[in-house]
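We just call them A, B, C, D, E, F, G and H in the order they show up, numbering each chain from 1.
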Amino acid sequence: MRLTVYLAGEIHTPWREEVKQQVKQLQLPIDFVGPMEDHDRSDHIGEEILGEQPDTILKDVAASSLNNLRTELLMKKSDVVIALFGEQYKQWNTAMDASAAVAFGKPLIIIRQEKHHHPLKELSRKAHVTVESVEQAVQALHYIFE
Amino acid sequence: MRLTVYLAGEIHTPWREEVKQQVKQLQLPIDFVGPMEDHDRSDHIGEEILGEQPDTILKDVAASSLNNLRTELLMKKSDVVIALFGEQYKQWNTAMDASAAVAFGKPLIIIRQEKHHHPLKELSRKAHVTVESVEQAVQALHYIFE
Amino acid sequence: MRLTVYLAGEIHTPWREEVKQQVKQLQLPIDFVGPMEDHDRSDHIGEEILGEQPDTILKDVAASSLNNLRTELLMKKSDVVIALFGEQYKQWNTAMDASAAVAFGKPLIIIRQEKHHHPLKELSRKAHVTVESVEQAVQALHYIFE
Amino acid sequence: MRLTVYLAGEIHTPWREEVKQQVKQLQLPIDFVGPMEDHDRSDHIGEEILGEQPDTILKDVAASSLNNLRTELLMKKSDVVIALFGEQYKQWNTAMDASAAVAFGKPLIIIRQEKHHHPLKELSRKAHVTVESVEQAVQALHYIFE
Amino acid sequence: MRLTVYLAGEIHTPWREEVKQQVKQLQLPIDFVGPMEDHDRSDHIGEEILGEQPDTILKDVAASSLNNLRTELLMKKSDVVIALFGEQYKQWNTAMDASAAVAFGKPLIIIRQEKHHHPLKELSRKAHVTVESVEQAVQALHYIFE
Amino acid sequence: MRLTVYLAGEIHTPWREEVKQQVKQLQLPIDFVGPMEDHDRSDHIGEEILGEQPDTILKDVAASSLNNLRTELLMKKSDVVIALFGEQYKQWNTAMDASAAVAFGKPLIIIRQEKHHHPLKELSRKAHVTVESVEQAVQALHYIFE
Amino acid sequence: MRLTVYLAGEIHTPWREEVKQQVKQLQLPIDFVGPMEDHDRSDHIGEEILGEQPDTILKDVAASSLNNLRTELLMKKSDVVIALFGEQYKQWNTAMDASAAVAFGKPLIIIRQEKHHHPLKELSRKAHVTVESVEQAVQALHYIFE
Amino acid sequence: MRLTVYLAGEIHTPWREEVKQQVKQLQLPIDFVGPMEDHDRSDHIGEEILGEQPDTILKDVAASSLNNLRTELLMKKSDVVIALFGEQYKQWNTAMDASAAVAFGKPLIIIRQEKHHHPLKELSRKAHVTVESVEQAVQALHYIFE
C-alpha cells in the first residue's frame, strides 16, 4: 500500500524537504504532492499564462486561478493532508486547505508552534492530530504503516 | 421564500448589526445565525460547561469543542455564508468557516478591505463574490430576491 | 405539498409569465424562482455592486459572480427545473443550468422547438422530458399533482 | 502520478491533436480521453447499433444515447476537463459537459476566443481557468506537474 | 412531526386506500404520495402531452418519461417507501422503485405474499422490513410514532 | 429556529425526561426523538408485527428490523444526536448510533461517566463534545441558541 | 484504460460467455464481474456457510445475505453495468441491480427482447441504452474505446 | 482483481492471523489492513508522539487521535470490513468501526458468538452477513471470488 500525502502550508522554510528526508530514511512508501513552492512563480503564474493584467488585484485573481486548479486536483489525489502553520504571513490559504481537507474527509495533521494554539483552536479541534514538529508528523505517518 | 444567512468572521466590530439593520430596512425575509459574538464567553465556554482545565491549551480545546458544535450545526442550517475578514487577529477560523462553506456547496460572500486581497486571493477565488463593505454584501443578498 | 420550480433559460420573451398564468389557472401549489429577467440589470449588476470595472470582460466577470450566486442558491431551493431554449443568443448558460440540474438530481423539463433538436440531442437525452411548448411543460407539472 | 484529461468540445478542428503534441513535447504523464471525434460516426452511431429509426429526431435520440454513455463514463475516469468553444455550431453539449464537470468536482479549463466571453460569462466564472489558446491550456496542465 | 410515505407498486388493487384508511383511524400524521394509479392514464400520458407516437415502443418511451419525472420527484420528497408486490404483471418498476429507495437511503417496507419470497429474496434482504399484509405495514409506521 | 435532537442510548434510567425537563425550563425550541424506550416492547415488536419466530435469534432479527427502521428514520430527521452510555448492558447499539451520527455529519454529544473514558476513547474523540451529566449536555444545547 | 463491466441478470443461458467471447475477439481491455452463475450454489450458499436453516424462507434470507455481499462489492468495482432480462423467472433482482446501477451513477445497458418493452419501460427510460442482443451491447462497449 | 479487507475488532486473540492463513491457503488475492494490534502500543502511542499528558484521560485523548487517524485512513482504502466481537472488554470502538463501515457503504461481515446476538441485534441487522467463526467469514470472502 502506497499513500499520497499533500503538504499544505507555508513555502518559506524547507520543512517539506525535512518531511521527505525523514520519510525516506524510514523507507515509508509515500508519494508527496503540494503547492508551487517557488513563491515568486506562484504569484506570477497568472500573468505568465494569461498575460499581463490591469492591476495587482487582477494579477492575484489570475494567479489564484492556477494555484487553486493545482491544489484542488492534487489534494483530491491524496490520502492524508499535513498543514504547517509558520511564523510569517497571514496563511489564510493554509487554513483554507486544512478546512477543505476536513470537509472532503481527508485525515488532517496540523503542525504549529504551541504559541499559535489559541487562534488555531477551532481548526485544530477538527484535525485528527495537532503536533509541533515535522518529526512528530512523520511519526504519525509511520504509525499508519506499522 | 425565507433565507438563512450565516455571518462568519470577526466579532470585535458591530458589522453583524449593520448587516441586520440594512436587511431590515430593505424588508428582506432573512434570518441570521452565526458564532458566539461575546469573545470572552466564546473563550470560556469550554471551562464553563466542562469544568476547569489543566492548562490554557486544554482550555482552548474545550472551548473549541463547543464553538465547533455551534458553528457546524448553524452553518448546515444556512443558505448563504458571509465571511468578513477584519483588521485584527489571525482569523484562521474565519478562513476555516469560509472554506467549509465552499466545500459544502453554500454560496459564499467575502467582505475584506482591498489591502487584504493578496493573502486572501486563493480563498477569494473560490467565493461567489468578494466585496469591500457591508453595504455591498447586503446588495448581493438583495439581488437574490429581486 | 408545494413545489418550487426554477425557470431557466432565455429572458427575452414572456414565457415565464405564460407558465405562471397557466399554473395559476390550474390552481397548482407551485412557487417559481429563476434568474434576473431584466437583461440590462443582469449585465450591469456586477458594476452596480462592485463598482466600475477596467474593461468589458471584467464587467462580465463581475456580473456573472452575482448571477451565479443567485442561480445556484435558487436552483438548490427548487424541486424541478424547466429550461427553455429560444431563438436568439448562444444560450450557453441555459445549457449550463440544465446540465447542473441533471447533475444535482433535479428533474429537468426542456422546452425547445423541434428544429433545435439536433444540437440539443445529448442534453435532451439527459432531461426527464423534452417538449415544444409552455403548455406541454405545464401539463407535465400538472401530472405530478394528479 | 499520471493524470487523465477529458477534452470536451468541438470536433471540427484539430485542437485535440495540438494539445496532445504539446503535452508529448513536454513529456507530461497525461492520458487523454474525449468524445467520438468523427462527426458522422457520432451522428450515425445510434442507427448503426440500434437499427434504422422512424425519423431524424429518433435517430438523434438513438445517437445521443451512445454518445452520453461514452462521455459520462470517460469523464468520470478523468482528473481534469478542458472544454473548447469554437466558432461553429451551437455547442450546447460542450456547455453541458463543462457544467457537468463543475458539478462533479472536476477542475475545468475553458478555451474560448475573447469575443465569446459575454455569452460564456456565467460558465466561465465557474471554471478554474479560462484561456484563449491551446498553448495556455497546456501551460496550465504543465503547472500542475512542476 | 409529519412523515411523507411513498406507496410504490401495483395499481390494480385498492391497497393504497386500505393503507390510508388504517392510518387515518390511527390518526397518524402521514401524507401519502405515489405513482399515477389510473393504469390507462399512466400508459397514455406520454401521447397525451407529447402527441401521437410512431409505434407502441415510442408510446411507452413517452409515457415512461412522465412517469419517471413524477416518481423521482415524489420519492425524493418522501421519508419512507412502502412497496407492494402483487399477483399480476412483471412489476419490474416496483422492484426498480424499491431498489432506488434503498440506494437513496429511504427506509423501505416490502409487502409481498409468502409465496413470492424466493424471487424477492435479494431485494427483501435490503429492505428494512418485509411483511405480508397492509395491516403489518401500517403497524410498522405506527411504531415510528410511539 | 427549532432544532430536533435524537436521544440515543440506554433506556433504563429516566435521563431523557431529565433532558426534556431542563430544556423546557430553559424554554429552548427543541423537539426530541429517540428509540422505543419500553425495553420489552422494543424486544417484542418483531414478533408482534411479524408473528411468532422459530427461535430467540430470529425473534431478535425481527425486532431489530423494526427498531432500525425507526432509528434511521428519526435520526435522519434530527439536527443533533446526544448519546448516553450508562452502567448496564453492552450498549453496542448506542455506539452504533453514535458512530452513524458522526458518519452522517450530525453533531454528536456523548454523555458518559469518567470511568468509561478508556473504552470510549476512540468514539469520544469523534464526538463534538463529551460530558459527564445531562446538565452539561443541556448547557451545550443552550449555547447553540445564545 | 481498462474497464470493468458487471453482467447482471439471468443465469440460465450462456449470454455472459457470448459477451466475453465477442469482447475477446475485438480485443477490448475489459474485465468482467457478475453474480454467482451456478443457480444451485447461489440458492444454497447461505446454508453452506451459515448452516442449516429452520425453513425455506430463512434459507433464502441466508443465501441472499451472501449474494448481496458479492453483488454490492463487485458492482462498486465496475464502470458499466449490463443487465439482461430473459424469458424465465420474475427477475426482480435483475431489476434491483439495474436500478441500483442507475442510482450509483454507473452507466447502464439493458438487453431485452422487444416484447418485454412495456413492463420494462420505466427502467429502460433510466438506462443509457436499451438493446435487443448481446451483439448490440458489445458494440456499445466497443464504441467507448474507439 | 485484488481486494483490501479491514479487520476490525478485538486485538487480544490471534484471529487476524487465522484469517490471513486461511486466505493464504485458498490463494485469494486479498490484502489486509487493520488497527494497531499491540494493545500497549495502541494505548501509549499518543504520549509517545505528543509527549507526556497531564492525566490518563488526556493520555487517552492523545492515543485515540492517532488510532482514529490510522483507522479512518485504512478503512477508506478497504473494500470489505470484517468486525469480530470477542469475549472481553466493552468493544465500543469495534461497534463504532462496524457502524462507520455501514455508513460509508462498505460491505460488513460480523463475527460473534451466538450468545452475543441479543446486544448486537441492531448492528447485526445492518451487516451483510453475521457469522460465528473465522472459517465462515473466510468462506464469505471466498464466495466473492468464485
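As a working rule, contacts are C-beta pairs under 8 Å (C-beta built on N, C-alpha and C of every residue); 3 or more make two chains touch, one makes a residue touch a chain.
Predicted model only: the values in this text are computed from it and were never measured.
Participant: How many hops, at fewest, get you from subunit B to subunit E via touching chains?
Facilitator: Minimal hop count between subunit B and subunit E: 2.
Participant: Can you work out the rotation angle that lays subunit D over subunit E using Cα coordinates, in steps of 5 degrees?
Facilitator: That rotation is 180 degrees, given to the nearest 5.
Participant: Counting C-beta pairs in contact, does C-E beat F-G or the other way around?
Facilitator: Top pair by contacting C-beta pairs is C-E.
Participant: Nearest whole angstrom, what separates the Cα centre of subunit B from the Cα centre of subunit H?
Facilitator: 40
Participant: In angstrom, rounded to a whole number, how far apart do the mean CA points of subunit B and subunit G lie?
Facilitator: 50
Participant: Counting in whole Å, what is the centre-to-centre distance of subunit C and subunit D, each centre being its mean C-alpha position?
Facilitator: About 24 Å, centre to centre.
Participant: What whole-number Å value describes the gap between the mean CA coordinates of subunit E and subunit F?
Facilitator: Roughly 31 Å separates the two chain centres.
Participant: Counting only residues that touch at least 2 other chains, which ones in subunit C make the list?
Facilitator: 65, 68
Participant: Taking the top-of-page definition of touch, could you list the pairs of chains it picks out?
Facilitator: Touching chain pairs, listed by label, come out as A-B, A-C, A-D, A-H, B-C, B-F, B-H, C-D, C-E, D-E, D-G, E-F, E-G, F-G, F-H, G-H.
Participant: Which part of subunit A faces subunit C closely enough to touch in the complex?
Facilitator: Listed in rising order, the residues are 54-55, 58.
Participant: Which bits of subunit C are touching subunit D when the two form their complex?
Facilitator: 56-57, 60-61, 63-65, 67-68, 71, 85, 89-93, 95-100, 102-104, 114, 116-126
Participant: With touch defined as at the start, can you tell me which subunit B residues reach subunit C in the complex?
Facilitator: On the subunit B side, the touching residues are 1, 3, 79-80, 105, 107, 109, 128-129, 131, 136, 139-140, 143-144, 146.
Participant: Mind pulling up the subunit E residues that touch subunit C in the complex?
Facilitator: Interface residues on the subunit E side: 4, 31, 33, 36, 41, 45, 48-50, 65-66, 68-70, 72-74, 76-77.
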